[in-house]
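Each of the next two complexes has chain A plus one more chain, namely chain B in the first and chain C in the second.
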Partner chain A sequence: MIKVGIPRALLYYQYYPMWKTFFEGLGAEVVVSPPTTQAILSSGSSRVVADTCLPVKVFCGHVLALVGECDYIFIPAIRSVKSKICNCSKFLGLPDMTKAVIPESPPILDIDIDINKGKHELYQAIYKLGRRFTWNPFKVRQASIAAWQAHLKYKQLMSNHGLTPSQAIERISNTTEVEPKTPSGNPTPNQATIAVIGHPYLLYDAHINYRLIHRLEQAHYKVLTPEMLTTEELELAITRLIGGAYWTYEEEMVGAGGHYLESGTDGVIGIMAFGCGPDSLMMDIVHRWAARLRTTPFMSLTLEEHTAEAGVVTRLEAFLDMIHRKKRRRLKLCV
Partner chain B sequence: MRVGMPHMGNLYIPFKALFQRLNVDYVMPPLTNQRTLSLGVRYSPEGMCIPFKLTLGNLIEAAELGADTLLMPAGSGICRLGYYAKTQEQILHDLGYNAEIVCLGVSQRKLFGLLEMIKRLSNDAPWSKIISAFRFGLAKLNALDRIERVVQKVRPVERVKGTANKLFAKAIEAIDQADDYNTLKRVQIGYIDQLNQVTKDSEAQPLVVGIIGEFYVLLEPFSNLDIEKELGKLGVEVRRTTFISEWTKFSLFLNPMGVNEKDRIHKAALPYLKRDIGGDGWESVGEKVLHAKEYDGLVHLAPFTCMPEIVAQNIMSSTKENIPVLTILCDEQIAKPGMLTRLEAFVDLLEYRRRVKNKHRQID
Partner chain C sequence: MEAYLGIDVGSVTTKFAVLNGSDELVAHIYLLTQGKPIDMVQQGLKQIKQQLPKDVDICGVATTGSARYLAGVIVGADLVKNEITSHAVGALHYFPQGQTIIEIGGQDSKIIIIRDGIVADFGMNTVCAAGTGSFLDHQALRLNISIEEFSQRALDSTTPVRIAGRCTVFAESDMIHKQQMGHRTVDILYGLCQALVRNYLNNVGLGKDIQPPIIFQGGVAFNQGIVKALQEELGTEVIVPPHHEVMGAIGAALLVHEEIADSHNGSKFKGFGISEIKYHTSSFECKACPNQCEIAQLSVNGQVLARWGGRCDLWERSPTS
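Presenting the complex of A and B:
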């Protein structure tokens, strides 16, 4: 059986169920790299030039972890998933860049996803990818339809049940229904909520963000993430803030930020990677919006491989203390 | 309505000519200087690239002079450029300037978008007038770039260092003053003649270094600390394919007709980079492959945190076509002594390589 490797980094968090269903539908076995560790990060960053952003370094580390474990590595070049909205250069150059910096990697399966070129081109690209596994075009068609269904189900699971991608993936892969570890349905009325915004590859990679979400949950905060919102809510917020999206993954940042700043959460934490082109601007837009509203506290955390755990924890504690004090003052006023 | 715009190299000269001919009320902010940089750095998001910071500084300085309509290039591409105007407008508003930013759509509507915008700025001047003014602006641009090409050749071989630069500065002034085609032509021919008559070291065989990388830092000498002049002082001939006049020629006129000057470069890059990654990343890789045999070395200029150039830099180091590349990242932290040291070391390396190559040739 052909083994297809999927690095547990970057777009894994958005599309893993879809990719898995697709390749399994074509009769391949899917191998995922282990969760990020310091060794993975270091091996990745040793390959690329210093100013490459953290998520890409992590990605290279995951590809290195897959060397020898699989026959192919799947690295799509996603240019655009919505008309006239483009993606960051690093996603586009990812297959070529990986090939250049990791010459020993297994052959790379790349596919150009560009909605602007029309549906026909897109289907052609998917078909071309599928043909590497089977000669039967109907099988490719079936696999891609199943994959799309899996993707929709995955997204729905996250927005309806308030699950994070890791929880949703866990739920999809286990046939028996597993209840999420944290009771997310009905928060206790006085439980404070913190929204964490940013790209999923930063939010859910517990190694590079120093278990931020876990820490917040331990401090008894209810954590909200961008995936828990519906597309309409996100788009509405984007229109309010800047008129229209420019980047492919703008919803996770500007959309979610704009929504949570006005939806009565107790605080919003934005996470970005140092040197991230799109984030440097999007975070600024959210920042300015927060400063203008003056209702919800906002903190931005910039991550890179030199970020120290103590620094993140200190800032988090200070931020939570501030929220706690603010909440107490408000309660007193009510009394 | 008072129009202002950011600087990029000598781009202000053709725009000035255009505005004067159409009687547009305009202000030119002072040429990019240390204050521009400080202003830009102070009010920009920290992770932004140097083109954003400098253009923001320019816009603030224009707004200080009373400009209320600011031109800013934009375009939907993969680079951050398309987001610049939106953010800069918010920053200017937060600073209390009530200025409107007019986007110069450089990637979608090409020539028409540009002409329509000029029409709007000129209070609906007749098309005939707009087109003649536009042509005159282009003529100035072409004259500037023609002279600059000669300057690039003269700089490394002139006997008295700095002569070409002095002549170039005078030529820029004269072109700026010229207000009809005849004068313009006379100025162009006159200065090219003078440049050709500069006493030169006839035996010198200067090293040839190509300058590649991101558009803005290539064309704005302030952002790259006058790297071309410095290389000239070290006796190196600089070759650069990026010129504003080339850009206008192709991007505005020939590309819509199906001629693409970059096809050759893209084709060269294909084995290493299969797709456009935005900005000038694809071209950087392509130029390295293409010029590996022709040049002695390449200087790759990129703004710090520039996304396409980082991808290009990662790929460039692994191409089969081998040529020394010095990548210089430009940002507000860059200092001239540091850059000069790196350039000198690089030129030493190139000289050494050439000596070794010549020796091998003699033995053969």
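Presenting the complex of A and C:
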């Protein structure tokens, strides 16, 4: 059986169930690289050119981890997922860049996803990718329909049931039925809620964010993330803040930030990668919005390969203290 | 006498403050850390004991600063608090009406925005040390003058020179250039003060709503040149409170007083006797997973007191195993 490798980095967190279903539908086996470790990060950053951002360094490390483990590596070039919306150049050139910096990588399966070019082009691209596995166009069609359904289910598990990507992936692969949103998923009256906004590849990679979500949960905070919001909620917030999105995945930052700043959460933490152009622009919009509203405390953390854990921990402790003391003062005033 | 001890172990200096039951400062000391935080905590305890009356009863101890966890294990701290909260609580104790706190220390600088007596926003410098005390220390060394002299002489400047303060490396080459051009040392000194202030306000203070009254504290607040440059740049008066250099330690002591009063527990303080104990630190590389974390450990007579430095809590959970 043909083995297709998928790096556990970048868009893995957005589309893994879709990709997995597609390749399995075509009779391939899917292999995923292990969670990020220091060894993966170091191996990746030793290959890339100097000005590459942290997430791409991590991505290259994951590709290296898959060398020898699979026959092909799947690296899509996602140009746009909505009409008239740009994506970062790092995503556009991802398959080519990987080929250049990791010559020993298994052959790369790439696909150009560009919604701007219309549906016909998209179907052609999918068919071209599927033809690497089968000559039967109906089999490709079936696999892509199943893949799209898996993707919708994945999104729904996260937005309607409050699951994290890893929990949702586990649920999909176990094919167990999910019970509707339980009351335990909602915060208890005195429990403070913290929203963490940013791209999923930063939020859910515990190695590069120094277990931020784990730390918050350990401190008994209810953690909210962009995936827990529906597309409508995100788009509404974007329209309110900037009229319309410019970047692909802008909803994870500006949409989620705008929504959580005005929905009564106790604090919002924005996570961005050092050296990321779009992030620096989007985070600034959220920052300005927070400064204008002055209702919800906001803090942004920049992650980098050399980020000291102490820096993240100190800021996080200070931020949580600020929220705690504020809340306690409010309670005292009420009494 | 009921007393609360706050210890602030920073990268450059170690500060101790003792407050009595009514939160008045009864003793404080300020030492250079010299890269030996354990020795300095022990020495500081010994020195501060001599300043205290015989009947002193330490009811609570808190540690803060970058070595807060290490110091906390050594003294048996009841509370380990980050330096931002400690500085804010300390400053608000003396100036409840303060709206902005500027704190510039040896290796980091912070801005704390206060509204209605509570922290509303804060910022900290990123990895670069160009806006901190070590920048001034370094340049003073280059000019071959002491940091005390720096403070006095900077005020004599009449026509300060403009020095790029974005980066210490560039500031240095800029400074050498100005020296070679024949500018007076005093003008260069004040130019450095302005560079630091500009860098601080453009970096740490970026996007922050800086409102008077402004409180300036931390070791760098000793430097008259910086105080003057800050006032010029902000166009308003900057208050340097008494004991500004130990404000973090005072804040920590206030916080532990509050904590002990809330919890009604006794203190875990190990006593002044610990200044005689021989502590031993070592480190090793964890082999449990590919992360290769460097684990540091603190031990006394071969018995491990604490371990930290891991990406996961494997070693922190079981210090004895």
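The definition used in the following text is that the second predicted complex is superposed on the first by the 324 of 335 C-alpha atoms of A that agree within 3 Å, B and C clash if a C-alpha of one lies under 4 Å from a C-alpha of the other, contacts with A are read in each partner's own complex, and residues count from 1 in each chain.
Everything below uses one rule, namely that contacts are C-beta pairs under 8 Å (C-beta built on N, C-alpha and C of every residue); 3 or more make two chains touch, one makes a residue touch a chain.
Just so we're clear, the structure is a prediction, and the values are computed from it rather than from any experiment.
Trainee: Using the overlay on chain A, decide if chain B and chain C clash or can fit next to each other.
Mentor: Chain B and chain C fit side by side in the superposed model.
Trainee: Given the touch rule stated above, what does A:Ala219 touch, chain B (first), chain C (second), both, or neither?
Mentor: neither
Trainee: Compare chain B and chain C by how many residues of chain A each one touches, and report the one with more.
Mentor: B
Trainee: If we overlay the two complexes on their shared chain A, which of chain B and chain C does A:Ser89 touch? Say first, second, both or neither.
Mentor: first
Trainee: Which of the two partners, first being chain B and second being chain C, lies in contact with A:Ala146: first, second, both, or neither?
Mentor: So A:Ala146 meets neither chain B nor chain C here.
Trainee: Which partner does A:Ala310 reach: the first (chain B), the second (chain C), both, or neither?
Mentor: Second partner only.
Trainee: Based on the superposed arrangement, let me know which partner A:Gly275 touches: chain B (first), chain C (second), both, or neither?
Mentor: The answer is first: A:Gly275 touches chain B but not chain C.
Trainee: Just chain B (first), just chain C (second), both, or neither: which does A:Met322 touch?
Mentor: Touch partner of A:Met322: chain C, not chain B.
Trainee: Taking CA centres after the superposition, what's the angle at chain A between the directions to chain B and chain C, given in steps of 10 degrees?
Mentor: After superposition on chain A, the angle is 80 degrees.
Trainee: Quick one: smallest Cα-Cα gap between chain B and chain C in the superposed arrangement, Å?
Mentor: Scanning every C-alpha pair, the shortest chain B to chain C distance is 5 Å.
Trainee: Where on chain A do the contacts with chain B and the contacts with chain C coincide?
Mentor: After superposing on chain A, chain A residues 287-288, 302 contact both chain B and chain C.
Trainee: Which residues of chain A touch chain B in the complex?
Mentor: Per the touch definition, chain A meets chain B at residues 48-49, 51-53, 77, 79, 84, 86-90, 92-93, 95-97, 100-101, 103, 110, 112, 242-243, 246-247, 272, 274-281, 283-285, 287-288, 302.
Trainee: Hey, which residues of chain A end up touching chain C in the complex?
Mentor: Contact set of chain A toward chain C: 37-40, 207, 210-211, 287-288, 291, 294, 297, 299, 302, 304, 306-308, 310-311, 314-315, 317-319, 321-322, 325-326, 329.
Trainee: How about chain C: which of its residues touch chain A in the complex?
Mentor: 66, 81-85, 118-122, 124, 126-127, 207, 209, 289-293, 311-312
Trainee: What part of chain B is in contact with chain A in the complex they form?
Mentor: Residues of chain B touching chain A: 45-49, 76-80, 82-83, 86-87, 90, 94, 272-279, 281, 304-308, 310-315, 317-318, 327, 329.
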